[in-house]
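Lettered A, B, C and D in written order, each chain numbered from 1.
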């Protein structure tokens, strides 16, 4: 039972982290988009504040990574920083070390973000590349996370690996050629990753103490396939609602401060322009 | 026999939908290309009408999706909106739910198309991305549609999944960098997808009541491989004939309204130009 | 023995075709490059002649395709245009139909080339796309050419499929963004494909009447792996020698006709320029 | 024991070569970046010296390739240039021939580099393409290096093949579109490749004479997965330290020679610019 709680927690913590990151990044990109669209009328000091945001993001990513690594090592059944049990002659809790390695690369991406904020001589797109890198490493780890396990276990982790790989590729494309919609798509895959982590927890380590799902039933896999799609549909809906809400907020705030000019800008051509600029 | 009819219908309906969509999109893109080429002499109000087309397309896509979902749920042997049969302890008609999920994402793409038509603040290339998304989800679903089935069944669905994946990738490239020929290629793959859906129906659920094809005969697979290529050859031919027909139509119509100027435009350089613009 | 001769011929004919195509295309692209580099001093009527070349290429491709299809159908052991043997209840000579389908798509690419030459209203990059298409179809066919055969047979065809897939992807990239070096690389893969077809013939159907190579010996596969690389090295060398020869030819011909100006052009910057233009 | 030493050496030599190449290329690209950033104040004769570097690199690559090929052939247990042992009827030391083929393509890339340095009529981006080519060939060889071996042996070579493939793809992207950060990323993968070669040596042919790792233990594979990630983390750290060191060096050297102007250049906009130029 204790073991189960630990394994559930091991999926719930990264799940929550990634869901939070997805929500935050989608909000940030929508804000940027909305601010840019209306910037010609009312220039908020948005550039400076987005800059400060980078610093904050870096610190949050490092904190999350450190928290995750500590929890993985020092829970009751954890490896306590030992890698090999020489007495009994086997590796110690390698899944915890897997999760820890994953956190480490996100921490590294956070460090890069802060360094690029402080030292202007570093290339500006480096943090994006390191983030893409962290996702590639995560996809690699989860793809190789299930040597010698059950079919169902392997399948849910393969789906996880798939969504992480897609996120990594999208981040890489975003690094090569910045694009607002791609960034939102990337955020939607982050949300999917977050909620799928939770789903894996519920499937493999049910909290009510019941047994895990039948591992050899093909129908379970058929169901998890569409379940995955439904998670994705929810992610897209969340991004859509977030877009509507943030755009409405920016608009209404603009109306209060500089009400006369907003209307003048609503020509399709100018908006097209501002989209391409991003 | 009833079961067979249902399963055949489950492949015939999306097959017809995709074939129709392929035909329509190829026509639209050829029309756009032909109109653009001759636009300097005679400016039809094409931009406005293409805009209205977007709205209509959105409505058609949503109707198709709703129709498909309803049929899948409420045919005699359907799941009637229940997901799990608690009495007998197994999932209910998961293939119907699979098809329904697939329709849902195309419906979502339709909704996005309408929203982008109404709210100009939404980025203009969003509908293309959502369509590419819907194809990726469909490819994913059909790739995981055949857990625990026969070799032949798996093979025909893998081919289906392959053509859908190619369509999704082409739509994504088209989203990143608009290109008329790629759009036509995409339409040809839609036609292939449509006709292949029908072929799957005929292979697995023969209408004459005979047995399905021998599932373990390697020669059947060898034949289906080239059969797939022949379907593709037919699709390309259909696109080619469509191109010839629409171009001839636009030209002859132009000649009637503004006959003198068409000839002047027929220099290769100018045409090269107009192709690159698209 | 008769069977063996037929099968050997089935690999020798496309092998020779592709080798010839690779040689010809590399020569054409090097000629174009060399002519472009020196064009400012001496303008040959190269554009018109390259145009006529397109027409010739189309005719050659169609002839090759027709020849290949005829041979595959009407050799003594061929299917003679029948697809299914209803008496004995099995498919007839599906490998011949496979090869025939492959030829058909190259014929289609040839037809497109001619149509684009005649009708200027067709987009100019269409032939490249159709060629890329033909390679993709060929890769697909050879990947599914070996259902139920031996390990060695599957392996040599997989390698063939790999080189065709690479050629298809390179042609597609070339279609999206024209680049002389990529076109040469593509030609080198065509040479590799051609010589590998011959190699397959020698491995599976030895002409001296001896038995085919031991199908289950891992060392044979280890050897074929490097043998494939050596074929590739030879292809690259052939392209390199061709480059040296054609460049020398163009240069010496230029010296004869307009000897004084060549020297003036030999600044690195100008050459850099002309490379990027292509 | 002798055999083991040979096999260990077979992995240690390329490992050292690639590690050295990774270190050198990262240094070169950082130097170029730093020099470019400060070039407006103090123009060192950097272009000419980078040119001479190309020549030197070519010579080093050819020497390494020749050295590697010679060692592989003429060590005591090597094949001594014979490919097939006709007496005993089996292939001779095919792994040595595999390694030799790999070296050959890097030698070819070196030759191209020198030819492009001498003959200005050759396209300037050719050496990059040939290098990418050499990596693709290497990835192909190592992917097919383990027919009929143990699971663990296959797994470590698959990881090696993965990192080489990524390097090849990055080099190809770099060829299509030059980018300083990508070049550094590529260098980090070269370092990873180098250190992973050493790791393979230690896993499969332990120097202390002990047995190789247990080949069927899933935990060994789980460990090697994260071990691979740690190697990568070390590579990234090495690149980071190298960046800090070289940038500091260039800056301090600049301060000594032309101290007043450096400060004036430290505006973010100009740096952004110089990054994009590369």
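Just so it is clear, a contact is a pair of C-beta atoms (placed from the backbone, for glycine too) under 8 Å apart; a residue touches a chain by one contact, two chains touch by 3 or more.
None of these values were measured; they are calculated from a predicted model.
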item: Least step count from subunit B to subunit C, where 1 means the two chains touch; value: 1
item: Equivalent interface positions on subunit C and subunit D, same or different at half; value: different
item: Farthest-lying chain, centroid of Cα atoms versus that of subunit D; value: B
item: Separation of mean Cα positions, subunit B and subunit A [Å, integer]; value: 32
item: Geometric centre distance via CA averages, subunit C-subunit A, whole Å; value: 45
item: Per-residue overlap in subunit B, given as positions that touch at least 2 other chains; value: none
item: Chain contact graph, described as a line, ring, star, complete graph or other shape; value: ring
item: Pairwise chain contacts, counting only pairs that touch as defined; value: A-B, A-D, B-C, C-D
item: Residue ranges of subunit B in contact with subunit A within the complex; value: 83, 90-91, 94-95, 97-98, 101, 104-105, 108, 120-121, 123-126, 129, 133, 137, 140-141, 144-145, 147-148, 176
item: In the complex, subunit B residues that touch subunit C; value: 33, 37, 177, 179-181, 185, 218-223, 225-226, 228-230, 232-233, 236, 243, 247, 266, 268, 271-272, 275
